[in-house]
Structure formats: structure tokens, C-alpha cells
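Letters A, B, C and D name the chains as they come in the text, with residue numbers starting at 1 for each one.
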Amino acid sequence: MVAVTIWGSLRRFTDGQGQVEVEASNFKELLDRLSQDYPGLKPQIERGVSLALDGRIYREAWFTEIGPQSEVVLMPYMAGG
Amino acid sequence: MRFARPATASEAAEMMAQEPGLTRILSGGTDVMVQLKAGNVDPALIVDIKHIPGLRAITPEAGGFRIGAAVSGAELAESAGVRALWPGVVEGVELIGSTQVQGRATMAGNLCNGSPAADAVPGLVTAKAVARIVGPRGERDCLVADIPAGPGKTTLAKGEFVTSIFLPARPERSGDAYLRFIPRTEMDIAVASAAVSLTLDAAGVVIDASVALGAVAPTVRLVPAAAEAIVGTRLDAAAITAMTAACSAACSPINDKRGTIEFRTQVAGVLAKRAALTAYSRAGGTR
Amino acid sequence: MALDNTPKRVFKVVGTRPPRPDGVDKVTGRALYGADVSAPGMLTAHILRSPHPHAAIVSIDTSAAEALEGVKAVVTAADFVRQDDGSLRDVLDNCMARDKVLYDGHALAAVAATTPDIAKAALKLIKVTYKALPHVTDVDAAMRADAPVVQEGRSLETVPDGMSQNVTSHCEFGHGDLAAGFAKADLVVERSFTTAATHQGYIEPHACLASMTADGKADLWCCTQGQYNVRTLCAAMLGMEASQLRVTASEIGGGFGGKTTVFIEPVALALSRKTGRPVKIVMSRDEVFKATGPTVSSSIDVKIGMTRDGRITAAEAHLRYSGGAFPCGTVDMGAQSAFASYDLSAVRTLGWNVLTNRPKEAAYRAPGAPQAIYAVESVVDELCQKLGLDPLDVRLMNAARKGTRSSYGPTFDDIGLIATLEAAKAHPHYVAPLATGQGRGLSAGFWFNFGGNTCVSLNVNTDGTVGITEGNPDIGGSRAAISQMAAEELGIPYDKIRTIIADTSSLGHNDVTDGSRVTFAVGLATIKAAQDAVAKMCSRAARIWGIDEEAVVWVDGAAMPAGPNAGKFPPMTLAEIAAVSFNTGGPIAGHFEFNADGAGVSFGVHLVDVEVDRETGATKVLRYTVFQDAGKAVHPSYVEGQMQGGAVQGIGWALNEEYIYGADGRLQNAGFLDYRVPVASDLPPIETVILEIPNPGHPYGVRGVGETPIVPPLAALSNAVSRAIGTRLNSLPMSPPRILKALSKG
Amino acid sequence: MKSIHVSTTVNGDAIEFICAPEDSLLDVLRNRMGLTGAKEGCGTGDCGACSVTLNGRLVCACLVLGAEAEGAAIGTIEGLADGDTLHPLQQSFIDHAALQCGICTPGILVAAKALLDRNPDPTDTEVRYWLAGNLCRCTGYDKIIHAVQDAAHKMRSA
């Protein structure tokens, strides 16, 4: 299981939890599982999210591997200047 | 739009008088070109006066100088004689726009554009400068102070244009100065401005003074009460305070993107004070 | 073959300052920018823009314009493919208003004609019937329940019930127990701030030349930060296939984020399609100000608790950003970056995006961060003043470091904040004496930095030179940095390499030049492409020598036999291998494509001294020093240039730059005369101190540097001015009338 | 609208062109002569990107009518180098990384040359005020000032 930290305003779609656990070994599986387990997150995931894995930010990268001990933080998709 | 380059002033006046549509004089062009670009004027005739004999000349006359209407700011700034006699007038002209604009902009154009914030005008007004005007009915002279009639407006009649500006001789122990406030150090239009011209006696007492403010009223405003406040003084603190108060009292500015009524009113007084001190020191006074 | 994959620490080319490859073109006027090309038979187009801040378009009658001699086509929103995707639809609706005009300057029709004057005259013949609607341009006013609604039905599911429909999104970040944290504080300061919208202010107006042929193939030349994104957007709007649209990025005259989207490009394509002729559009400066991306305007509340000795116990920020008339995610980045410089046990940021009748926001250098960090760093400074603490010591005490759980969630890896703060503390600037009336301010700043999709090809020419093809417009000298990294990796001189920027048909997709990604991500791809070519060259050498290719190493630009074969053959240089490449298997090329990650966050600290004229409210910047972690500065001059340029944009934002709207909802200062970017005489030298704390995510340790420098100046200036005049302004810009007003109250 | 025939000199070459009365000198240089080195950043004299010399005076080409070029001598960025030898200012801008995007560079070089022609040894403050009409949004001006001063130094010692 991977513990995923979500940002505050998404908690209303995860029964108030700031961290949820899902079975996933990569970014794609993680997003699919989150959408499945917490349908309220789906619109945000479809709009785009970034993923911080052990402090590194990934913008898409489905097949980025996630270890069981990895720190996983969901973040809004970012665009810059 | 037609473009004309007349050979004489009377020819220029004639063609402008006969043109039924809008006409514009092109001298430095730094205002006209911007207006054309913005599309807020659509003249039928543009008259380039730079090639009229004498219009690009600076000529000593009766102890003063006659400055042709097509003399650019950069050319005026290079005239040591004018700068020595009327440093405040020259520094006002030099503040118009960038180096590039200085290569083109003229004192007469700055006057005839009719902006209440024109940098050249307060100094010319305190200098009691006289504009020579040519029109379809010949030539006339007019105090510079009487030319602006409101934002973008002048008292010039159809077909009339300024051919030169005369800066008179002045007594010994005279000095003038011009200051403006802008948010940056360059490239802005004055939010408020002040020119002071004064003459001292041998003891350093002000015997004659003139104070004019810019950007605080529909036209550049002469403030006799401010001048009176310093005449008979050596610019002591009380005189300065009285002059500053007179300046602020004379302001009737507007709120706009460049400044507030409150700001302009306060800063006009500050600038007049600082200009007066500079003019005093240029006149040889020591406080 | 063996490749050295350990982070490289001794460099030959990286870290030097060679001349940029585009230098001569740019100093001789030869470089071709957006507006500098023409085509035979070309038409010129001009765009009709709304004078209303908010109005329904009842009807548009273009018949009189079309009838004008010389007019070849008129287009309106009806000429584009309606988009299902929300963000694409917004970009299109911003290019051409569909049912409503949403801001002063919103485009709603365009005319292509044989001359610019005819096109302009035709605009006046287009009859638009508007139904004026109430408008709102202020972010706080737009949040009120009774505010005019800019667009209906745009609120995301994240927005709490009961808010104005102008609120389109809501976000929240943070961790810990705020109430407990504030209870531990000896002093809590809570303040509200506003920042004005500012424009990127690039000197080159948007320009493009589109040419579509009868078979539906098109070429588009334009100034953009991302030709691939232009292709994606335009192809969708025109209903084209990507392969049929080739987009070439011209030299770009500044972008700063503002050229990451499209405004005129789809319009030129539509007109070219309709006329069968090339169509050129060049924006005027007032169009640039009225209708291209400013940054967000903001209204922010910040509350921070601190102990007597300077420890922050809790921190909270509420951010209300308006990205104009369309939904915008910038507040998310503001909320995430607000407290990024601090190691906090209790922190929360809330953000709301709000619609107003202003132009659609476009990214501007570290989008969202400067506003939030300005507010936070101002409150930290006020706490330091009130508690009598040194502002650098307080920042050092609370600084985020490796292992800190960041305020936006992830735990930081190696970051350079403490080293940067220490460098500032050790610098003579920090202890230089100040005169009466002067003040010194400081602020930290942060940006995430991005990686992203990247594709690079590297071709070894038979004469031993190398061509690199990359896909990111060079906005600040990146071609030089990329050539340097290739030279480093290949072991050949810098001047043997020429880097060019591909059109969209010549190379795979590259994300836009944004998020400080290019030197990092394109650099990384270049290194990998070079390694790919090196592997092939080692293999060729091995075959020539008749040995196993695993037994060949690449050293100083040459293949060398290694292991058991060491010394058996003289090294073969790149040039020698290239010279016989046709005989050994054909041309040699390297390639690499990936979606880069591991960009590595960036911190900076700015110090500034100011003097305020108490009689006029004018602020003079006396001294300015930028400290920033670059990971590894590939071309230090251009790193310094980013630091200096960003700092000066921030100085402009802090002191004078702002979008000024009248009560009529119209923009009052759509020009460089009254939108006051700093001029040379406004500024002191901008000193720079580059720190190099290697980014573990890049083989040379490179971090993006471009965006962070615009973040600290806002608070640094505000803190300096506040200390100089003894009273605090909580609103930007700190224009002279505002300072004088604060002084009269203080 | 009647077109005007103009005879002028650009970078020492005699040139004739036809223009509309309202065409600016910048329009003429860019669109009729193909000299696109001068850029239009604003069209109102506020950015300096179109700086050229007109009879030796530094001006914004956007604030001059094309018709005014009759009989005049115009200098543009395209005439700054001597054949394939860059002017010391041009070389200095490359050496000092005094440009990033480069759009303001032609105007700044023309302006800086006009300064050094008049004042071969300016102070930093003089350089900054002289160039105040040339906006640069990339560099923060610092490296531009250094580049001008270094070129001035080299030209004085040449």
C-alpha cells in the first residue's frame, strides 16, 4: 500500500482524510486507483495533477515507480512562466 | 493626408488657412506622430516647417535669444549662451522625453501641444518669453503665457503657427530653475512641476520673482501670490513656507492615472520650494 | 562501453562564459523576430476589439467591411471549431469572443486586407451591437454575493457552496495544528495585502505570419515560448491535423511566460485559410497591454505567530487571485509557494480564483509566487521589527532544509536556502552603514522549477563538428548553455557546436519554455543525446580496431581502447571517427527524448537599500544584491542575467507597475508611457552572488534559475521602504502618492 | 492619399523610395527597405527599440515621417559594423552578455554609439540617463552599462 498525501481542499472527497492508502506501484496505477476509490477526486485528476515522489515533482510520467516506503504527495498540475 | 514642406512661413500659413480639414504642424513631431499612431487625430494636411529659413536658428537679439520653432531640445541644450542666461528654461526643455525625443522635440511644439504638464512651458512663462506667430494675416507677437487655452488647446487662430520664441535679456543677479515630479527618473509626463525665476539685489534680497506651476490646472498656472511671498526676502524659512502655501493654494488639479489631487497639491509646493532655492543660488544668492 | 554516470564536478566548458551563438545576428540587427518576415502576396490583418468591459454580443455585421476595396476576408468566432475541452475553449474564446465580450480589448473580429490602412479602415465598418452588462474589475468586489457574474457555471467542484459564481476554484494546503501553534506564539501579526496586476512587458509585441494552402497544409511563423503548444492549440481551433501545421518559432523578443499561449496565431491561420494568401498580424503595444496576459491581481491575508526568540509557531494565508475573465490555476501555485521557505509545524494556505472583467492571465515568471511570498515576507519582517530580531537570523532559524516537510506537502531533498541566507549574512552589503532616511530590506523567495517533455537530436558532421537540434525557443541564452553542455559531454571545443531550434515538423514534441525548465531539461536531454552519439562513436572505433566495443572508453573527445586493449591503439578523436563514418556504418547521430523530472526547487535571497524622499514619496533604489542557488551555473553570465533581470522586473512591480482600471472598466494605461517599467536611470548596479548546491536530479547539478529572481523583490522593497519611512505599506505598487499618503498618516 | 517619392541616404547608400504621407520612417525602413534591425516595440517613442540617427541626431524612427527623410542621412544598426568587423560596442555586448532576448539590442547599440560619439568617457550615471529611453526588460541594464563602458574604454585606448 502507498500512502498518498492529498491537498486540503480535496479532503471533502476522501471522507475528510488528508492521507489515503491505495495499492499502486506506479503513478498511473495510483491515479486510477484514487479515481476508483474516491470518485470525487476524478474531476481534479482529469484536469491534471502533479505528483511529488520523495520530494521530486513529476508532471505526468505514468510509469514512475512508487516504492512502498515512498513519500507520495498529490499536487495540482503546474504551469510556469 | 497630405504632407507639405513649404519654403516660407507665409506659404505655410497660407496652405493651412486654405485647408478646410484638420491641419497639423510638424516640427519635432514627437506629439503629432503619437497622435497619428493612436488614431485620435486624422489631419488632412501635415506641414513640415523645419526647412523654413531661420526656424532652426538660435539668434542673439536685444540681450536675449530668439529660438526658432524647429530647434530641437538637443540643439538648444548645446547652446551655451541660452543655458547661461536662462538655465531653468533649458532644463525644462531638456526634460522632455528621452535622448531620442530630445533629438526632435521642440520648445514651440511642447508649447503648442497644449499639455498642462508640458515641461518647457512653466520656465517660459516665468521668463516672460514671447512667441512670434505667423498667420494668414501676417506676423504678431504674443506672451507664451497667453497661448495655452486648456488641455490640447491653444489661442492660435486657424492658419497661425509659432515661428520662434524670444527669451528676453535679464538683469544681473538673476536665476531660474525648473523641477518636475515623475514616478521614475525619466520617460514620464510631469505629475506636478514648478518653475521659479528671480532677481536679487546686491544684498541677496529678492527684488523680482515669478513662479509658475505645471500639471496642477488646465493650463500652466502663474502664481503671483507665491512670487509676492518671496519678494523682499532672502528666502528665509517663513518666506519659503508662505510661498509653498501659496503654490498649494493655487492648485486645482485632477485625480488621474498619474497622480491624485492631494499628491499634486502637496508636491507642487515642494517643487516650487526646491526650484526657488536653486534659482536663488543661480542668481548668486547665499542664504 | 563504459559511461561515467557519477555527477560530474570538474568541468572544462560548463562554467565558462563563451559568446552566444546568436550574438552576432542580434548585435547586427540580422536576427529575425516575429514581425521581421514577409511573404509574397502577403495580406495584413487587424483585430477589432471591444471597448466595453462586459457586454453581450447581440450581432456582428461584417458586410460593409467585406465590401471595402482591398479587404480579402473577415473572421469572427464562427470561423473556429468550438472546443469541448474547457481550457482550450477558454484560449479560443480569449482569441475571439463568442457570445460575450469579457474585458476592454477583447477581440471579436479580424480583417485581412491588402494594406494595413485598409484593414484598419475596415474595422470601423464592422457593426457590432452590444448589450452592455455590469462589470467588475476588483478581486474583492468580484467575490461579493451581489457582484456582476463574469461567466456563469465555471465553478469547480472544489468551490464551497454559497460563494459568488465568480469564484471558480478553491484550494487548501498545509499541515499541523494551527490553533495550538498560534497559542504558543508570543506575538501574532495578521495583515491584509493587495498587489496590482502587472504585465510581462516584453519589448516585442506578439507577431505572426500564417500561410495555408488550398490542400490544408499550413506554415506558421511566430514569436512564442513554445511552437509545439502553438501547434496543438491552433490545430484544434482550426480543425487541422498536427502534421499539416508546421510552426516555426522566430527569435523571441522576451516572453517571461506571456508567450506560452496563443492570441493572434489562430486568427492569422483562419484568415489565411479564407483568403488563400499569407496573412501577417502584428499587435500594437496597446493591444499587448489590453489583451495579452498580465499576471493576476491579488488580495491576501496573512497571519503568523512567533515566539520572542524568533521561532515561527504557526502560519496561515488566505489568497484571493484574479486571473481575469477566465478560470486560472495560478492561486494554487501561490498557495503552495507562500511558506515554502520555512520549516513549519503548523501551516495552512487557502486560495480562491476569482473572475473579473480583465484580460485572461498569462503566466509571468514564477506565476503566483511573488504575490503570496510578498505578503508572507512582509509579515515576517514586521514580526522581526516588533520583536527586535535580526530578519536574517529569524529566517535562518526557521529556514526549510533537507528533510523539512514543505508547506505544500513533499519533503525537501538537498536545497540551498540556508547556504543562500548565510551568504547574504556574510556579504558586506548586509552590514554596510545606512544614512538617515534610508532603509534596508530583505526577502527570501522560492520557485518549484519544472522539467517536462523534451526531445533533442545531435548530429555529428563528417568534419568533426556537431549540430544540435532542440525544440525550445531561446529566451535568455539557452543555445549557448546547451552547446556548452554538449561540448562538455563530447569533449570537443564549444565553437565546434551549433545549436538550432527546430520547427514542429523537424523534431518531436517539446513543452514550452517555461518554469525555468530549459537549461535543466533540454540540457539533460542534450547530455543524454551526446552520450548516445558517444556510444555509437565508441562502437565505430571498436570495429575499426577490431576489438570489443565494451573495451572502449570516451576520454577528452576521443575513443580510447581500455581494459586489456589499453594503449594498443592510438585514441581516435571525434573528428577522426566522423571523417570515416560513411565507411563505418553511415552518419552518426545521438538522440534523446523523455519527460524530465527532478528539476530541483530553487531559493533566492535579495537585499536592497532604498532612500525615500519624504516630501514627494519617491523611492530611490541605492543598492541591490541577489543571492541564489543555481545548482551549477552553466554559463554564469546568463545566470547573472536572469538574476538581474528578474530582480528588476520585481523592482518595477514593487514601485510603479500596475494595471489601472477606471470606474468604466477600461484600462487607462495601455502603453509604456504610463505602464512604468524601470528604465536604466532608475537603477543601481544589480550585484549577484551565485551559489552552487548541486541538484541531485541533474548530472552536472543544474537547477533552473530564471523564475525565482522575480519573487523576493516585492517584499524586499516593501520591507526596505517600511524601515526607511517608519510605517508599513501593505499594497503594491508603492507608488509615490501611496507613500506620501502613508507618511501623512504615519 | 498620394504617395511621396523620397531620395535619402541610409548607412551611406543613396536610396529612393515611395511612401504614403503617414508612413513613419520606421515603416519605411522595415517594410520598404527590408531593414528590420530597428524594431517597433511601441510606436510612440517610449521604448527606443527603433532608435536610428537622422542627420547625426539620435531619434526614434517611429516618431519621424518617412517623407522627412528627403535629403537626410539616416544611420541604422545595419550600418554599425564595418563590413565583417563588428563595432567595438557590438563586440562588447556579446562579450559581456549584455543581451538576452536581443530585441532592444539594435536600438541600444545605435543609442550607445551616439553617446560615445559625443562623450567618449561618460560616467555610469551618464550612460544610464542617456539610455533611459531604451527599455530592456531582460537584463536589468547592469550588463548593458558594463558593456558600454568597456567598449568606451577600448575605443579610448585604440
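Everything that follows uses one rule, which is that a residue touches a chain if its C-beta (ideal position, glycine included) is under 8 Å from a C-beta of that chain, and two chains touch if they have at least 3 such contacts.
Because the structure is a prediction, the values reported are computed rather than measured.
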Practice prompt. Tally the contacting C-beta pairs at the A-C interface and at the B-C interface, and name the larger one.
Written response: A-C
Item to complete: Could you pull out the chain whose C-alpha mean position is farthest off from that of subunit D?
Response: A
Item to complete: Measure off the straight-line distance from the CA centroid of subunit A to the CA centroid of subunit C, and report it in whole Å.
Response: 25
Worksheet item: So how far apart, in whole Å, are subunit A and subunit B when each is placed at the average of its C-alpha atoms?
Response: 67
Response to the item:
Rounded to the nearest Å, the gap separating the Cα centres of subunit A and subunit D is 54
Practice prompt. List the centre-to-centre spacing of subunit B and subunit C in whole Å, with centres computed as mean CA coordinates.
Written response: 44
Item to complete: Indicate the residues of subunit B shared as contacts by at least two other chains.
Response: 38, 185-187
Discussion item. Counting only residues that touch at least two other chains, what does the list for subunit A look like?
Written reply: none
Worksheet item: Which residue numbers or ranges of subunit C touch two or more of the other chains?
Response: 200, 256, 672-673, 678-679, 681-682
Worksheet, complete the sentence: Per the touch criterion, the pairs are A-C, B-C, B-D, C-D
Worksheet entry | subunit A contact footprint on subunit C (complex, rising order) | 156-158, 170-175, 200, 256-258, 260, 329, 332-333, 336, 348, 350, 363-367, 408-413, 447-448, 450-453, 514-517, 595, 597-599, 697, 707
Worksheet, complete the sentence: Per the touch rule above, subunit B residues touching subunit C in the complex are 38-39, 181, 183-189, 191, 256-260, 262-263, 266-267, 270
Worksheet, complete the sentence: Seen from subunit C, its contact residues with subunit B in the complex are 120, 286, 615-618, 655-656, 660, 668-669, 672-674, 676, 678-679, 681-682, 735-737, 740-741
Worksheet item: Touching subunit C in the complex: which residues of subunit D?
Response: 1, 20, 22, 30-31, 35-44, 46-47, 49, 76-78, 80-81, 86, 90-91, 93-97, 99-106, 109, 124-125, 127-129, 131-145
Worksheet item: Across the complex, what residues on subunit A touch subunit C?
Response: 5, 7-11, 18, 40, 43-44, 47, 52, 54-61, 64, 71, 73-81
